[in-house]
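Please read the structure below before turning to the comments.
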Amino acid sequence: MRIVFKTDYMQDIRPWKDGFQLSLYMLLLALAVVAPFLLDTFYIGELTNVLIWAIAGLGLMVLTGHTGQASLGHAAFLAFGCYANIILIEQGIPFLIAFPVAGILTGIVGAVIAIPALRLHGVYLAIFTLALSILTDDLIVLSEPLTGGVAGKYAPPVGVFGLQIDRWGTPDLFYWLTLAVVVLVTLGYINLLRTPLGRSFIAVRDSEVSAQAMGVDIARTKTVSFGVSCMVTGWAGALMGLYAVAFNNETFSVVISIQLLMMIVIGGLGSIHGAFFGAVVIGFLPQFLSISKEYVGAVFGGGSVAIPGLEFGIFGMILILFILFEPMGIYGRWLKIRTYFELFPFYRKDMFKRQKSYLKTERLR
Amino acid sequence: MENLQLLISGLANGCVYGLIALGFVLIYKATEAVNFAQGDFMMLGAFVTIGLTNTEYMDLPFWVALPISIGLMAVLGYLLDRFVIRQMFGESQTAVVILTIALGFVIRFIAGLIWGHEPQTLQNPLAGRDVTFGGLVLGMEDVAVIIVTVLLTAALFAFFSRTKLGLAMQASSQNQLAAYYMGIPVKRVQGFIWALAGAVACIAGILFAAKGAVDPNTGLMGIKAFAAAVIGGFGSLPGALMGGLIVGVIEPFASRYIAAGYSQVAPYALLLAVLIFRPHGLFSQVRVKKV
Amino acid sequence: ETQGVTDTEVLIGSVNDLSGIFAAVGVPAVKGANVYFDKVNAEGGVHGRQIRYIVEDNGYQMPRAMQGYNKLLNRDKVFAMYQSLGTPMNIAGFKLLDPKGIPNVAPLSAARQMLMEPVNNKFTSFSSYYDQAIVGTKYLVEQFGGEQVCSMYLPTDFGKEILEGTMEGAKEAGAEFVAETTHKPDETDFVGSLSKLNEEGCDVVSIALGVRQAITIVGTAKKMGLNDMKFLGTSASFLTVVAQVPGGVTEGFYAAASWQDLWARAEEPAPKAFIEEYKAATGEDPVGFAMLGYAGAKMLVMALEKAGPDLTHESFIAAMESLEYQDDLVGNYMTYGPDDHQGADSVYVSIVENGMWKKVHEE
Amino acid sequence: MSLLEIENVTLKFGGLTAVDNLSFSVEEGEVFAIVGPNGAGKSTVFNLISRFYDPYAGAIRFDGHDLLQVKPSGVAAYGVARTFQNIELFEHATVLQNLLVGRHRHRRTNILSEIFFAPSAKRQEIENREKVEEVIDFLDLQAYRDKMIAGLPYGVRKVVEVARALSTDPKLLLLDEPASGLSVEETTDMRWWIDDIRRQMGITVLMVEHDMGLVSGVSDRVLAMADGAKLAMGTPAEVQSHPDVIEAYLGHAA
Amino acid sequence: MSEAVLKIRNIESFYGPIMAIRGVSLDVRQGQVVSILGANGAGKTTLMKTVSGVMDPEKGTIEFEGEQIQGMEPHTIVNRGIVHIPEGREVFPLLTVNENLSLGAYTLKDKAQIERDRELVFSYFPILKERRNQEAGTLSGGQQQMLAIGRGLMANPRIMLLDEPSLGLSPLLVQEIFGILRRLNEEQNMTMMLVEQNASAALELAHHGYVMEVGRIVMDGPASELMESEDIQNFYLGVQEEGVRENRRWKRKKTWR
């Protein structure tokens, strides 16, 4: 049982609890940095993919997890970020400028879209954003001169400090690029959460009335939250475009919007960890299943299609199990495991048995 | 004349959306959960009926297969609640939504496994028969769809507002704890509503399959029905029908009068417009909390 | 040392849709291919090498497709790709295949981009949607003296290809392209669009929509009494189920495809033998795409044979380029050459008659 | 000039007049209590001041500002803080975070300095923490600082509500039934706290309360309402002995 | 003395890792009013919830009329005749007052009886009759509390668990509520378990009292005796409360701690 004695306000304000926790995270970061020397190209590619999903997850987490505004349309912002980035690069703007600008533009678009959406809650907001996501497909086709329409666009290798980075050619460099974005976004997110803006997000999520009574401007907060969320999502989209190398109107479909939401719920709503946990599940589980069919050939029918779609079916079942097992998301479970060790040896067998719990209507605002 | 024809067929089509939307609303009304697998329920209901009645499968007479499949889907709805959804009792609705999305994956997989991925049509006695009055042509299926939808909506509406059980359902969605304090068997009530939603989905599926064809991905149509339910004001049964009709009618008129490239976005553009002006749909069920 | 080739094995990959909206294409195609590969393997393989066909399911989603490519090329290290499905997915894959010179054989997409530059490592079996639409449109215009041509399509790559082909076909046949309507994959009611096309006086209408939608459109048109309007599908609608819709709903529907219907020729020796073999192996009746999977696999094996024991990408590509044979199963004459990476050039126009596809024209 | 002025305010819900041409004013530095039967419109008056409702008629002025011109969040910005009768805390946050939200109106940083946690943001955080700690010490909440609201007993939540309102550093504090659900012992604490809030912190208090012991113990003036209108006003003793108040509110046995 | 209808033995209840009730035993006899006093967070509400089945105890038994009911689904317990009127006005906010009341009688069949009860409730709380078609969520705090009590009365229970029934009610209504409870107890011999912060009113009504602190019962006895106890007087009845300002930080230690 580890007890932390607090002697200074900074101990609560800084993002880590104590030196031990900090060193764990530093170790994790160090491992992430040297990963390309430890893993082969395939796994580096997958890791990059997971990290990109994690960025997208962080983006959605701001809005849904911390501000309580469910969005089923974030693929639209992925698309916007992706196209903005490539179009800017095609205009001859260097990547190091185009990339941040792409995110910021997406953020601005998100904030503008937030304005009509301000009065919406719950399912209504979800379906509003879902419709946006569906319309994006058509908008891309309709703005063909800009987007290349159905033929789509290709991502060229991008130059960063004189290095030419490209997904397939230099997977390690691309991985580090992604990792850098992940680290920066995560740090920014952590900072946000420990300052007034982040707390006003949480306030809006938990109670709009009392947030107002505390001087939080709901409309502004939601707009900013949309903006920040979409900005981060835009960056994820830009990276996703570079990762896919070729993309068109069909690339960022509604299915991706839905998967993004699944991801953060399964990871654990309202926590930064959750975005990462969720990204591992949504980003890597299908691939894991696909790999494991080599080992359980009998079930999957080896290389053949004995049972078509089995992977997706099993994927669905595993997601169901995840949620049944831990409705609070993986992060929720993680917290429990941590409590278990922290309380060691003072734990009880039934400590995490689920108590009966009851819901109240969310139709009252 | 032409516009009348568009209107009529739009209404018939809107009724199908309305029917699927009813399923969404039923579950929402009684549990406040959004069942994203409702479209897949419909698809499954259609396939179950096809499996019972089509010649290449069990080849039962249509009118025999009909009640069996509706019953089967009701049982399935109940079992799903009993063994899956109920485990999530009292957990956040977001988690339930995600659960139903995942459930949709599994249902689609199972349907593909059993019935394959090619589109199939339901063999039914209404197929190919038309009714014409005054130059308007309407398929028998369309007539059936309209009648069934209107009757079903009215019946469910009466059920919710007139019966004790209906009231108890609304109560359990608003405050599960208080519902228990009243002695309402909340879980059993919810099981019942899932069964009902299964049956309604099956009816929708049958009518849908009679009008066109189904494949395992038909359930994606559920999204449009979901939109319809939201336009109507999620949680209102007449609203669901209304929303369905609006979406159904807007479609043919849009394809008829709006330029190619833009016409297909009409229902979604309409949805956005409705929500901007009426943030909680036409028949709003959302209230400002009194503090 | 070429990747994916050992003394005992050659790895072939595919990024396919076994569960998404195109599973109706992907699943039978992969099954058909496997029937043939299994047969070859049972007979000792090609030059002593067993063929291992690894299929990654992408559910018709881009991110999953990219993961599939990553796995096949970086982990499994396949020798060649065979029958990957989906235009955007294939195009994205090219970025990875081309630098490594990995062949992409017979993709399940009839878009013209399947032979985009560099063409060197790309081989298609059939003519494109574009060509199919041209031939079909021309035929119908000429046959029925139609003057007004129209198109109903999904605003996607697939739809646009067919739209352009229809326009070109109309031009070549001296007819006018007068109207178009766009749709969504989840659209189920076409009364509005058909009224519009009727109003515009369309005689020939090409359809670039999902199978389910094509069936509905033809049925709706009948109900509306639009008996003079001729509907033309492409290989995407050229399915046996379309012909077999109960109630004769699809009677009179045309499709221009780059192969011939399997069941219409079920009595001919090659299709007959295939049907029996497939049934014996899988216990199901084959559909058209199973036939394509099987026939393509046969072609791949032919090229592997021809490339000789020393299998490299160069030797394989050279072998592919030298292929020339009559494929009785599909009913196509396949020729490849250094400047010709498209196997068959024919387009067949068929019509639904008595629940069967019947070939009416060939070009 | 009074700190808060309510002038001829009327509010109707459909056919029901919840507040009926009501006028009163609260002077700087006093504790002003509103009493009245259930449904008299007391909470509605609070909600009008908080701008959750728009009055049909009348004016509400605070410290020289016309409150009807601002959004609900603007009311807090002028220095009006409130608690809620039925407890409206941020359930999925800790007590500390709840109180820190109360500091929102003093935010000086912008989004950029927050994302980069610039020195200004850091200074502001430490300052916020100090203020909040003062409140925590004042209301004896140390033991609950890092607890989630969701698991706190009713009585503690009531205190956290007061603490959160105090954290905003208000000029006027609106308390809606601060002592309901508190035990006698806790009510006594509350009474002293309100006293200190007024005396030590110089905050004006407007309070709705049914516990007449508390009302007469701390308040300078009392307004009794019934059916949305004024019934009586004066010192606690005057109001308590007013026959109409006894009839409608206190009952004879009391 | 009559037999105990409700026997609680060694109950332990948890919220996740937090132990809220630590081995509580108590008896409620037929026709008696038992009152539970305790500071904030003592676990009174938790105890009530455990009895009515909305929480499961991890240890211990609850016997109602000779049958063990711990861990049962709450609605079956209601069907046996235990009705819990919860703290914090748990009404159905989007249903009308009338519908709320009808749901109170969910377990009953006799329509005429239900209507009689409804009229009775209306006679206790005339404002509810006036507002019978208003959505419960828009009632004032005190009106919602009245509705919650009225709804509980509609169930015609054998035992009523009342968790702070006087919360947020005007002094006049508090008197009336206690008057009603007394009448119910005396005329209909209704058994009650009552949690109240208004300790004097509660002890006056009750036959027997228990005092809870941090999840345990620290004191119990006949209500009249408790009222005489110095600790109770100090901490729950506020007898010494006329103390001057200087006294406030100095708190007398509770002897049972």
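A, B, C, D and E are the chain letters, set down in written order, and residue numbers restart from 1 in every chain.
Just so we're on the same page, a contact is a pair of C-beta atoms (placed from the backbone, for glycine too) under 8 Å apart; a residue touches a chain by one contact, two chains touch by 3 or more.
All values derive from a computational prediction rather than experimental measurement.
Peer 1: Treat each pair of touching chains as one step and give the shortest count from chain C to chain E.
Peer 2: Counted as steps through touching chains, the separation is 2.
Peer 1: Find the two chains joined by the most C-beta pairs in contact, please.
Peer 2: A-B
Peer 1: Name the chain whose C-alpha centroid is farthest from the C-alpha centroid of chain A.
Peer 2: E
Peer 1: Measuring from the mean C-alpha position of chain C to the mean C-alpha position of chain D, what distance in angstrom results?
Peer 2: 72
Peer 1: Quick one: chain D and chain E, Cα centre-to-centre, how many Å?
Peer 2: Each chain reduced to its C-alpha mean, chain D and chain E end up 28 Å apart.
Peer 1: Could you work out how far the Cα centre of chain A sits from that of chain E, in whole Å?
Peer 2: Once rounded, the distance between the two centres reads 47 Å.
Peer 1: Residues of chain D touching 2+ other chains?
Peer 2: Answer for chain D, listing residues that touch two or more other chains: 43, 52, 84-86, 88.
Peer 1: Multi-chain contacts in chain B: which residues touch at least two other chains?
Peer 2: Within chain B, the residues that touch at least two other chains are 108-109, 112, 117, 174-175, 177, 180, 223, 261-262, 264, 285, 287-289, 291.
Peer 1: Check each residue of chain E and list the ones that touch at least two other chains.
Peer 2: 15, 54, 93-94, 137-139, in rising order.
Peer 1: Quick one: which chain pairs are touching?
Peer 2: The list of touching pairs comes to A-B, A-C, A-D, A-E, B-C, B-D, B-E, D-E.
Peer 1: For the complex, which residues does chain B have touching chain C?
Peer 2: Residues in contact with chain C: 2, 5-6, 9-10, 13, 16, 108-109, 112, 116-121, 123, 127-128, 130, 137, 139, 208, 211-218, 220-221, 223-224, 248, 251-257, 260-264.
Peer 1: Give the list of chain A residues in touch with chain E in this complex.
Peer 2: 339, 343, 347-348, 350-352, 355-356, 358, 361, 363-364
Peer 1: In their shared complex, at which residues does chain D touch chain E?
Peer 2: 13, 35-40, 43-44, 85-86, 151-156, 177, 180-189, 192, 195, 210, 212-213, 248-251, 253-254
Peer 1: State the interface residues of chain E toward chain A in the complex, per the touch definition above.
Peer 2: Residues in contact with chain A: 14-17, 54-56, 58, 93-94, 137.
Peer 1: Which residues of chain C touch chain B once you look at their complex with the stated criterion?
Peer 2: On the chain C side, the touching residues are 19-21, 23-24, 27, 155, 179-193, 195-196, 199, 211-212, 215-216, 219, 223-225, 239, 241, 245-249, 287.
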